[in-house]
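Going in written order, the chains are labelled A, B, C, D and E, and every chain counts its residues from 1.
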Amino acid sequence: MFYREAGQFKTSYASDQAIFPILQDRIGIAVILVAAFSLPLYANDFILNAVMIPFLIFALASIGLNLLTGYTGQLSLGTGAFMGVGAYACYKLTSIWPDVNIIVWVICSGFFAAGVGAIFGLPSLRIKGFYLAIATLAAQFFLEWCFIRIAWLYNYNISGAIEVPQRTVLGVIVTGPRATSETRYIVVLAIVVAMTWIASNLMHGRIGRTWMAVRDMDIAAELMGIRLLPTKLMAFAVSSFYCGVAGALMVFLWYGGAEPAVFNINQSFTILFMIIIGGLGSLLGAYLGAALIYILPIVLRFVPEWLGIPIHAATVEHITFMIVGVLIVFFLIVEPAGLARLWSIGKQKLRVWPFPY
Amino acid sequence: MSVAENIAPAASTDTILTVNNVEVIYDHVILVLKGVSLAVPKGGIVALLGANGAGKTTTLKAISNLLHAERGDVTKGSIIFDGAEVQDMSPNDLVRRGCIQVMEGRHCFGHLTIEENLLTGAFTRRDGKAAIRRDMEMVYDYFPRLRERKGSMAGYTSGGEQQMCAVGRAMMAKPKMILLDEPSMGLAPQVVEEIFEIVKDLNAKEGVSFLLAEQNTNMALKYATYGYILENGRVVMDGAAKSLAENADVKEFYLGVSEGRRKSFREGKHYRRRKRWLA
Amino acid sequence: KAQAADDIYVPLFTYRTGPYANSGIPIANGMHDYLTMLNERDGGIGGVKLNVEECETGYDTKKGVECWESVKSKNPTVVNPFSTGITLQLIPKASVDKIPILSMAYGLSAAAVGKDFPWVFNPPATYWDGLSMIIKYIGEKEGGLAKLKGKTIGYIFLDAGYGREPIPLLEQLAKDYGFNVKLYPVAGKEMQDQSSQWLSVRRDRPNWMVMWGWGAMNPTAVKRASENGYPMDHFIGVWWSGSDDDARGGGKAAKGYLALNFSGLGSNYPAIQDIKKYVVDKGKSQVEKDKFADTFYNRGVYNTVLVAEAIRNAQKLTGKKVVVGEDVRRGLETLHITEARWKELGFPGFAGPLTGISCADHSGHQGAYMQQWDGDKWVKVSNLIEPMKDKVEPLLQDAAKEYVDKATGWPKRTEACDKAM
Amino acid sequence: MDILYSIFIDPFVQMAQAPDLFVQTLWDGLVGGMLYALIALGFVLIFKASGVFNFAQGIMVVFAALTLVGLHDAGVPAFLALLITIAVMFALAFTVERVVLRPLVNQPDIILFMATFGITYFLIGFGEYVFGGDPKVMPVEDFGLEKGAYNIKMLGGLVSLQKLDIVAVIVASAMVAGLGVFFSKTRIGRALRAVADSHSAALSVGISLEQIWVIVWFAAGLVALVTGIFWGARSDVSFALEVIALKALPVLILGGFTSIPGAIAGGLIIGVGEKLAEFYWGPLVGGGTDAWFAYVIALVFLLFRPQGLFGEKIIERI
Amino acid sequence: MRAPDTAPRARVGDVLLSVEDVSLSFGGVKAISGVSFDIRQGEIRAIIGPNGAGKTSMLNVINGFYHPQQGRITFKGRTRAKMRPYEAAYGGIARTFQNVALFRGMSALDNIMAGRTLKMNVNFFWQLLRYGPAMREEVEHRRVVEEIIDFLKIQEIRRTPVGRLPYGLQKRVELGRALAMQPELLLLDEPMAGMNLEEKEDMSRFILDVNEYYGTTIALIEHDMGVVMDLSDRVVVLDHGIKIADGTPDEVKRDQAVIDAYLGVAH
């Protein structure tokens, strides 16, 4: 009843092609944005530092992987490493040119990741599906090895880890231990929102269509004049760009430092799972997936405490693992196409409400 | 002939399949079948006709219980095959009980050779290698083209060859009833005749019942004994094949015969014709 | 559950899950049980109950940071991250959130320099101290450090920051004493296999092998070494490679394997007996009976003895009963456990005195002893070996300076220095 | 020049100078390879039969081994423990089929892959809850396996063959051969391949997915148990063992996901290849190449054969 | 694309594409052996033959998906032994597929828009912003696509993911996608399989319109003889990879070889 496009006629193709053609959606997005940007006013440090910042960063990385795997159909298990490339690039850039605005470097580090991603994307012309996973796995392990071995990357620090230096933007400290969680949150949020918007632009235009075409039926796409190699390489590059920026954000605005183990294969898997459970080929799915896989366990861990049940931390962890496992299977059974799909079916139902269909 | 009123056809001992006022929803929101009822007598050939998207495939899948795999659900009604409620059975129980479906769109096992494809058709059989071998020879005799290509991977064979393979595979199961979904699609005219001849043959010699979803109305009505016409998920007309073939609307819309002669395809005009029964 | 304002909050970062749980569980049990014993026996410290709460990290940096965020608002006294990776993340946060970090013999070695890292403590010794002790021990066995000339020492290590940290000192010492070094990195994923590395050991025939391993790497290395016929009494692990489980898997064949240790062996100490009496026997512990007072269990106990002492010091220094992070930082800085004090605490001879800690030195550079696996259990086979402070100190100072230089805006020490107690 | 020498000449000189070490390297590579093949086999079984890439194989190895050792530690006699473990693996297969696979019939591969991740999570939590996270020692002697080694004098040196390794190689080969025959020569084998091609078509010809899945998951469970015993003997039985599953990936991909002989060939190539590389060329880059070398070998092979050595041809046709 | 009006039918002109002595085999299977024929500008050329005769393979050769072992293809005056698929597409060859090859995850509209990819060229950075030139281009092509949608009468299903459409509509969307490329040569592989009569009539009308009003040359594979005989100007008949007849529908219909190999009873 309340969620209908009825009465909202489109008078031009431009408005019909708007990303949120329905008024209610636009209002919803606006509300969410306002809420997100005003969150620091009422949220505590834990929510910002341990929940929201990581969530946004994971969402960004998931968007990156989704561009490649969800939209272009190229399975990648190298996300962790590509994030690492971004993080190390940002670290090197800011240590070589400390005076340049750190946000510029965060974005620039994406280009390094994009380059590396494109190189490891080369085999995608010949290798497909799960087999392609090997190329990205090679990237994962080789790059991880580089992060450990090439001391230049971490400025020869004895600990082998990178420590984020303090940097200010317009006089406000944004990185380093003294940056407040509010500042860091706002910076991350702004970057993630902007990049989501850009991803959505790309996906709604020619590039998005060629990627999806390659995903759905690469032979037909080729016969329609879409050249596979450049298309796939571009997908690898753009995707890695996103992952690279996410990696840089992760280290600079969340962890504040990192050892190579942070970018290990588990990271890659985690993000892959986020996009699958969230919905392949959906930007909203990237957010929902990140929320389910990252935030849910945190919430579950607090449940016994809220309920006042005295049980061991380790037991909570075990039970959390079991519950998360069960929930993953549950959600897949309810809607294999992911949470985003569940959401759109929900909207569909709203549209026909109060009738069942 | 009567306009169907969605009343369940009386189940009797000589019907092998009864579909009772079935409603199907895909994805929890898309309502596709809005109460379809039909019956197939033992040893009968029943045609299910209708335009694209009318719900023929959905009906067949509901019968063979394959809807589940497509996120479809039967939300109302019942389907009874050979005296047992289909909803309680798994697809393979159904095959074991003798009801097999040839799916629309050539679902061969791409990585298996043609011969292996045929052998999987005999998966549920327990009557020994020799009998299976014999039936395979019979399939090869029906479709000599398959014999020529028996060693190649099905995924690489031509569209028509795959179609033959799918039909042949179903025959290998020695079923009591075959649900055929567009068997003639993509086949050369001669082979289409061949397929219908096979249908007639199996029906006459082995007493196999058929439910045919077919676009080739001409053929279907020629070989079937009874027909149902589906539109938008409802049965809009049913009757003996002969009488359906005589019907003026059927003639015009499904047989392409008007004013006593076949129209040329060049004569088609762009306007939405109205079907009288939809008025 | 609301935080009662009248108890002392001691969060424990533990990992009873994940791939490194085999090392994490005994430590967690030791820490938990000792503090619980204090509650049960003495009613806490200075009459104030300890609120002991575990936060499970799974040895995962992400969860470690999350644990930090979740405990920091509850007035924690001290955080024991129990993972080098997590420690590195937390060091910059410590001074901002005013929570001291006690990384007992792990973490960032340079943090021993108190003037640069007022909030971080790594007693009783750093990795560099540990390495120098091992080299000293080898020298002793060879008949003097001078005899090391021309010898080859193999170094097998977890290929991560933790394992790589000692390399600069190892190379330095190789230069000083004229021995050769062979490096055998083991990637985390290869921990269970290691056959390539031990094959190379067979080829290179190093006179001694030194190991910086963790988790499942240790038992596997011990097995591979014995299979390859490497003389086990020439194979020495750092203190994190010397748990009972590490050697147990190798069984009899592991006999002779050596490892550093700085905490006592066995349950033959009054305080450990108290733990048994007040905690284990009352079913308040998660420890399995046969693993009670294992090497790493005792290591966990050692860790919390330091915590308890720091809290006591803090109470004395501030006169408050309920102390928080800022107070305990001072308590840690004035940590001073002599032999007599160990005895008073119910741990006679449990560990060497911990007396070197000061505002300038947050580690103390205490000695450790060598333990050897006799096929069933560990036995102490040496006296305390003092580290080569002269070799380690300059490296520490450099490393600290470098760290501070690179971290622009690193705060200067503002905390006042208390007199040692 | 030096660098060229140390890349192209020196390693071979070393091989010639110390042939015993070369043989030893090959043997170690062989053993490693067979053990990788064993893990890969678990994956292949399930992939072949359902197109599912079973992420949970690694944790199944741990779970099987832990159940075995856990029972044994609890005082159950060795062979009874083995039987009970087998029963547990069957129960697991049965449950997985009922609860996870059946409702997900006909879903894309990636979804099923994800579901196996859910299983992994559950098994980790459940396993740690039941068995605890501390490592356990695999009591190989109680299963009639001997420890120790045969030291063979040859080529002017000593080559030592661990008795356990020899048994592992024999058992792994036997297992692989047996399963290979079972799956390629029988009616069930054909049905498996059909299921992997298309769930819905398989359903329509009356292949019982339920039955097939229980069979393969059970088979994979058995393979996991054997894998767990041998890897557990090489290291300890603990949750860290889970990561070895990662080593199976390149093997699997190199061999072709669907091929049992492929798993062996892939295992051997990678096992031997990475040992040789690390042993002779590793020192050039500071060692530790085995972290990634396997993947690079697999990648190189794939560039020439995109479906792996023995994989089924990827059908491209319109 | 203009709405169909009463413009006179573009008449058959010069040879647009000629295939000479093409042979193609897969391992032991000879799919095509020494086939030659040509297609003239503006005509509707049917290719028929029994199942497995090599018709689809022939189309695949023409647009470069298969590379023949032998033979030459001349398209618009340029001769070559093989083409790359995207070269063919750039040259103006579009096609539909026997087993519908739509982009299943996309809506009908996006599928057809994807057919315009070749004609779009606004650079990446405008695409990022989806503003200015990028948006203008998008709208401009959308207009063309909407015309196609109107033409094919698939307005209602614009936003439906094509995977959910019934088979017949999928075929229509596929035709739309091919038309969006504004090809000179349109290859149709069994466009009417699985359609009922009414839909075949519609489809025939579309094909004729495309041919008549846009002058698009069409190569058509179809098993419905009624359609083939009514629509096509000339017919090639293949059997077992060999050309057995070539001529006007009437000639072909009477050819004994064709009757034996393909038609069975005379139609």
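Assume contacts are C-beta pairs under 8 Å (C-beta built on N, C-alpha and C of every residue); 3 or more make two chains touch, one makes a residue touch a chain.
These numbers were taken from a predicted model, which means no experiment stands behind them.
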Worksheet item: Stepping chain to touching chain, what's the minimum from subunit B to subunit C?
Response: 2
Discussion item. Going by average Cα coordinates, which chain is farthest removed from subunit B?
Written reply: C
Practice prompt. Could you tell me which chain lies farthest from subunit D when each chain's centre is the average position of its Cα atoms?
Written response: E
Worksheet item: Is the C-beta contact count larger for C-D or for B-D?
Response: C-D
Worksheet item: If you average the CA atoms of subunit A and of subunit E, how many Å lie between those two points?
Response: 41
Practice prompt. Starting from the mean Cα coordinates of subunit A and subunit C, work out the distance between those two points in Å.
Written response: 37
Worksheet item: How many angstrom lie between the CA centroids of subunit B and subunit E, rounded to a whole number?
Response: 29
Fill in: Length of the line joining the C-alpha centres of subunit C and subunit E, rounded to whole Å
74
Item to complete: Indicate the residues of subunit A shared as contacts by at least two other chains.
Response: 141, 145, 148, 219-220, 223, 265, 314, 317-318, 321, 336
Fill in: Of all residues in subunit E, the ones touching two or more other chains
56, 65, 97-99, 101
Worksheet, complete the sentence: Where subunit C touches two or more other chains simultaneously, the residues are 16-17, 159, 187-189
Worksheet item: In the complex of these two chains, what residues of subunit D are touching subunit C?
Response: 18, 21, 24-25, 28, 31-32, 124, 128, 132-135, 137, 147, 149, 160, 162, 231, 234-236, 238-244, 246-247, 274-275, 278-279, 282-283, 286-288, 290-291
Discussion item. Considering only the defined contacts, which subunit C positions touch subunit D in the complex?
Written reply: 16-22, 24-26, 159, 183-193, 195-197, 199-200, 202-203, 215-216, 219-220, 223, 227-229, 245, 248-249, 251, 253, 288, 291
Worksheet item: Considering the complex alone, what residue numbers of subunit E touch subunit A?
Response: 63-65, 85-86, 88-90, 94-95, 97, 101-106, 110, 113-115, 117-118, 120, 122, 124, 127-130, 134-135, 137-139, 142-143, 146, 177, 181
Fill in: Residues of subunit A that touch subunit C when the two form their complex
44-46, 49-50, 54, 95, 98, 141, 145, 148, 155, 157-161, 163-167, 173, 176-178, 254-262, 264-265, 298, 301, 305, 308, 312-314, 316-318, 321
Item to complete: Spell out the residues on subunit B that touch subunit E in their complex, using ranges where they run on.
Response: 26, 30, 49-54, 57, 104-106, 145, 149, 152, 156-161, 163-164, 182, 185-193, 215, 217, 253-256, 262-266, 268-270, 273
